[in-house]
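Same chain, two partners: chain A is paired with chain B first, then with chain C.
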Partner chain A sequence: MVSLPRAGGTNGIHDEPRHRQPVRIDVEELGKSFGSFTALNDVSLTVRPGELLALLGPSGSGKTTLLRAIAGLTATEEGTIRFDGEDATALGLRERRVGFVFQQYALFRHMTVFDNVAFGLRVRPREERPRAGEIARRVRRLLQLVQLEGLEHRFPSQISGGQRQRVALARALAIEPRVLLLDEPFGALDAKVRKELRRWLRELHTETGLTTIFVTHDQEEALELADRVVVMRAGKIEQIGTPAEIYEEPATPFVCEFLGGAARFEVEAREGETDVLGGTFPIESDAGYSGPAIAYVRAHEIEIVSREMAEGVPAVIRTVRPFGPTITVELSIEGRAERIEADVPRELYDGGEIKEGQGIFIRATSARIFPAG
Partner chain B sequence: MTDVSLRTHAAFSSPVGERIRTRAALTVLALVFLALVLILPLAAVFTEALRKGAEPFFAALVEPDALEAVKLTLIVAAIAVPANLLFGLVASWAIAKFEFRGKSFLVTLIDLPFSVSPVISGLVYILLFGAQGFFGQWLAAHGIQIVFAVPGIVLATIFVTFPFVARQLIPLMEAQGTVDEEAALSLGATGFQTFRKVTLPNIKWALLYGVLLSNARAMGEFGAVSVVSGHIRGKTNTMPLHVEILYNEYNFVAAFAVASLLAFLALVTLVLKSALEWRYGGELAASGRH
Partner chain C sequence: MTVPPSSAWTPRFGFRRSPSVLPGFGLTMGLTLTWLSLIILIPLAGVSIRSAGLGWEEFAMLAWDPRTVAALKLSFGAALAAAAINTVFGLLVAWVLVRYDFPGRKLVDAAIDLPFALPTAVAGLALTALCAPNGWIGSLLDPLGIKVAYTPAGVVIALVFIGLPFVVRTVQPVLADFDQDLEEAAATLGATRLQTIARVIMPALLPPLLTGFALAFARGVGEYGSIIFIAGNIPYRSEIAPLLIVIRLEEYNYAGATAIAAVMLVISFFLLLVINLLQGWNRRRSGLAV
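So, the complex of A and B:
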């Protein structure tokens, strides 16, 4: 990746000292409904200064509504949003000074890249508006920051999707925003560009130091990019945590399922323990629980055991995907209609033991158990 | 092998394509129909107008009553078109960018002048503002004359040309949504700046197209205007009304001369419209969210 110019000092994008410190955002008991549909239900959340936070959830979970509410694009009925303690709900869209990158970028199609980026500076009241030369200087610097020098005179229709995305970012940064909000920033891009831009956005965040929130429905994107992830469902926050916490200790069955890659088992628990795939695991959330429970086992938590060991569960290999550092196999076990995915070390595959139709024994090394209902 | 592929290729024709003969028949039919219904009458207007040479033709155009009619037509259009431009903008903005109760009713209402006979539109104004109308006495007491005067003609014209601008803008603005405006506002623009720098450039071609159609109709309207005008020569006669009077007086050359002026206006509108469609077609395709 090309190195980015340093932010801060005279070269930074924050020329005005009052916006240099990253802002802390407090969302307090926020509520919003569209007719009979509850988009946000008593949502509270603190975004730390300078943090890169992901709002993760399926469509209709309220993540975009929350982002738009923080921006001031959607009015909320209940609750407060504070920027550094100051009540932002009382401020209009313009006063909040939020850099917002729209899902489809919303670039002004009749303006060049340069004019798009300059827009926020040119519409300022006369007394705050920089002179034309100063505007040009700032726009050039921003285009340099987003690596789009030389494209100033192109129109949005004449550049690629990834480039449009970066124009939208530069345009949002031009107003020296207090916070940066991105709605599905990579949603409209193809897989390769997504990966590149993801890394680039991470670097840009380090450069600008802005408190940044982005919305995504892609768990991989959220876990890879964010400092902390907020998992949302049906207008409520399901879990807040670092990517490692979310992945290792999902708080609810929903989080577990949304992150994907886990097989679900319906089991019986007795006194806080349950048997799954030849292993016995505790229910961490409810130690003494007895009754129906749901267990989740991830592909890498299934090991293949030799026949001699008693605790293995018999399984048949149905398909083998022999690429990458680990081999993923699909297994079928007795009494279960859906297949289970398991990661198998390469050596086993190379040893010729892994082939379609082969009967094996498997065992879970770890599992997440939740009381059912 | 080669043989087979060649033969299938030659035999292949588009599944929706017709036989050559059918195609030719359809084209000829359409052309003959157009010639009979459109081109022939248009040609007749110009030949009739020039039947006795250029001199009577121009004499009919510069005659005082004709000049008054042209002047009145221009005045009416100059008031009605901007009024509809303003109304069309406001209505389509409201319909495309906001959700409110009674929205579909408003959309239907905008279409009303298309579905109502122009004569009835004119009669409505007589009923409202005529001597025996609802406001007749009050207006008479205050010395304001609407019917059989210029204000009535303007009102009737506005009514008839009401839908043109709004009809052009509503679908376009609905397709474009509000995200560009949100972007502009979040970047710190005021409502007016947003309108001037973002909304207006996005709709300018459609707007121009609507104004053009609205203008053509405003200048050519006969029915509604005929009811409210009172046909006072040199005073409340627009060009279409003037043509009728001349025709009824068997003054064919003069009638067709003025008519040819209107026909010429129609042709100019048609050319401009095609030019705009060519331009605005591209714009529309580009506005489908890059």
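So, the complex of A and C:
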């Protein structure tokens, strides 16, 4: 059992009045390639002051390159990055003052937790460097914030993964960064610690008020944690929106597929409408479209109908996963090789109607249709 | 008779109280000790026994002979100096080989091992030819009044040549594996390049540097072939201890030879032990100990 730190209370890093407002980041027409591989292709993006933004995408989508470019760790060939209007690409790493948390934490193994957190303060030029007592005071306050008091004399090898993650965070916050950037912050942790740290990071963000960007390939993490989500693919931005917008109104087939849990159907559209699984749905992006189209139906958008209703599509239950508030079943329908997942209410399962091999009728209650090609 | 349940029954062989999850301790430890005995301990015991047969006074007289002391001083002094020089320049070479890609890098990398393979006598002859007053390098230094060949400086140069690969080859893999993230982390935290090297990279390189230093030093103490050509072997001045041992043997003075050998053995063992302890202390201090 991991006891989890609570951000908040009186021990915030800014218990003095905040001298800085959160920073707005403007990314303008950013381009970067590694040899023949285009990592970023004309990426433009505005991160609002104080926002918690997720960069979501599969590996190779350019999300980490974008984060590293904002940090100044990767030089870009085209475009500019502005912090509050000031061209950050002209600044060195030191002047950029970016708090960066690495995926594998990148803690200094030969330094204690205390020394790791103090590093950013100790390497300052003599005239800007706080005195030793002041450094100690600040480090302790940060360790309190990330709930690692009492561990300051341990080495990174002597603490758990979740604790290392928090040391990395405290170390990044020690330099009083203008923005906080996290690369796959929970990638190396197990499921339980991940979930708890996720909630804690959300609270920490509220506490620090910093403009924060994190990279993830986990859609659940992005949707749960972020104020807005940027979905990336092959060096381009597919969609920017709130988690609700991304989930309810995916802009492209890619976003729809990447969020997962949706069955894909290749269908024919006529005059902006198409039939999928016994239902008729409009094409929202192109009202008058006729021709081949792709439809996505999520598991919870499939309902089981009784035989008498004519519009149902016959299906056979193949597997049943009987746990949780809804029961997930895998169905096979005629003329389709892949199975379809559907969520059915618990009552139906308890009523004995849901069992493997059972023939039923299903219908889609809603669907997202995109013109093909 | 009842058989105890296997899980409750543990063999009690001497100090091996808790059964390890890794099997084969007995076998591997036995083989290790046998091998060590055959290769190292028995020959060394021979030296000790031979010199122990001398009697303390005779041993002290042989060991404290001024010529012997001068030879020992030169051997250990030159080996330490050469190992120190190699630590600095070996680190530099390893750094360049790992960090930069340049045409001919593979060739340079391969050339590093040549001192391992080259017969040491050849190395000694080549260095002597270069450093002698009429050689390429010696002729440049001679007008400045610097003499290398046939002086203790020549001994150090020969040992620098012999010892270089030890430092390069121990530092190189550690540097190659060094996590780039750490340097980037230091940079985002505001460290300058120099601060990053001093505070982040060097601490990681200290263990291999110490190991490389120890290996180069140990090799230097025992080196014979290359030195005897360049040193000139002037008694009390540029005569190394291993050569003095050979000289005593040629005089059929076996007691004298073993006495020098025993002193070398003790000093070498002591110095290597100190380096190992230093290594252990560094690991503990930096939390790297398992």
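The criterion applied here is as follows: the second predicted complex is superposed on the first by the 355 of 373 C-alpha atoms of A that agree within 3 Å, B and C clash if a C-alpha of one lies under 4 Å from a C-alpha of the other, contacts with A are read in each partner's own complex, and residues count from 1 in each chain.
Please note the rule applied: a contact is a pair of C-beta atoms (placed from the backbone, for glycine too) under 8 Å apart; a residue touches a chain by one contact, two chains touch by 3 or more.
Owing to the predicted nature of the structure, the values given are computational and were not obtained by experimental measurement.
Chemist: Superpose on chain A as described above, then tell me if chain B and chain C fit or clash.
Modeler: Because the two structures are overlaid on the shared chain, the partners are seen to clash.
Chemist: I'd like to know which partner A:Val98 touches here: chain B for first, chain C for second, both or neither.
Modeler: Once the two structures are laid over each other on A, A:Val98 reaches both partners.
Chemist: Of the partners chain B and chain C, which touch A:Arg164 in the superposed model: first, second, both, neither?
Modeler: first
Chemist: For A:Phe119, decide between first (touching chain B), second (touching chain C), both and neither.
Modeler: Once the two structures are laid over each other on A, A:Phe119 reaches both partners.
Chemist: Touching A:Arg138 in the superposition: chain B (first), chain C (second), both, neither?
Modeler: In the superposition, A:Arg138 touches no partner, neither chain B nor chain C.
Chemist: Check whether A:Ala106 is in contact with chain B, with chain C, with both or with neither, and answer first, second, both or neither.
Modeler: A:Ala106: touches chain B and chain C.
Chemist: Looking at chain A, which of its residues have contacts with both chain B and chain C?
Modeler: The answer is residues 71-73, 93-94, 97-100, 102, 104, 106, 108-110, 119-120, 123-124, 156-157, 171-172, 174-175 of chain A.
Chemist: Would you pull the chain A residues touching chain C in the complex into a rising list?
Modeler: Residues of chain A touching chain C: 71-73, 93-94, 97-100, 102-104, 106, 108-112, 119-120, 123-124, 154-158, 171-172, 174-175.
Chemist: Within their complex, state which residues of chain C touch chain A.
Modeler: Contact set of chain C toward chain A: 179, 181-182, 184-192, 195, 199-200, 203-204, 286-288.
Chemist: Using the touch definition from the top, list the residues of chain A that touch chain B in their complex.
Modeler: Interface residues on the chain A side: 71-73, 93-94, 97-100, 102, 104, 106-110, 119-120, 123-124, 156-157, 164, 171-172, 174-175.
Chemist: Tell me, which parts of chain B touch chain A in their complex?
Modeler: Answer in residue numbers: 179-180, 182-190, 193, 197-198, 201-202, 286-287, 289-290.
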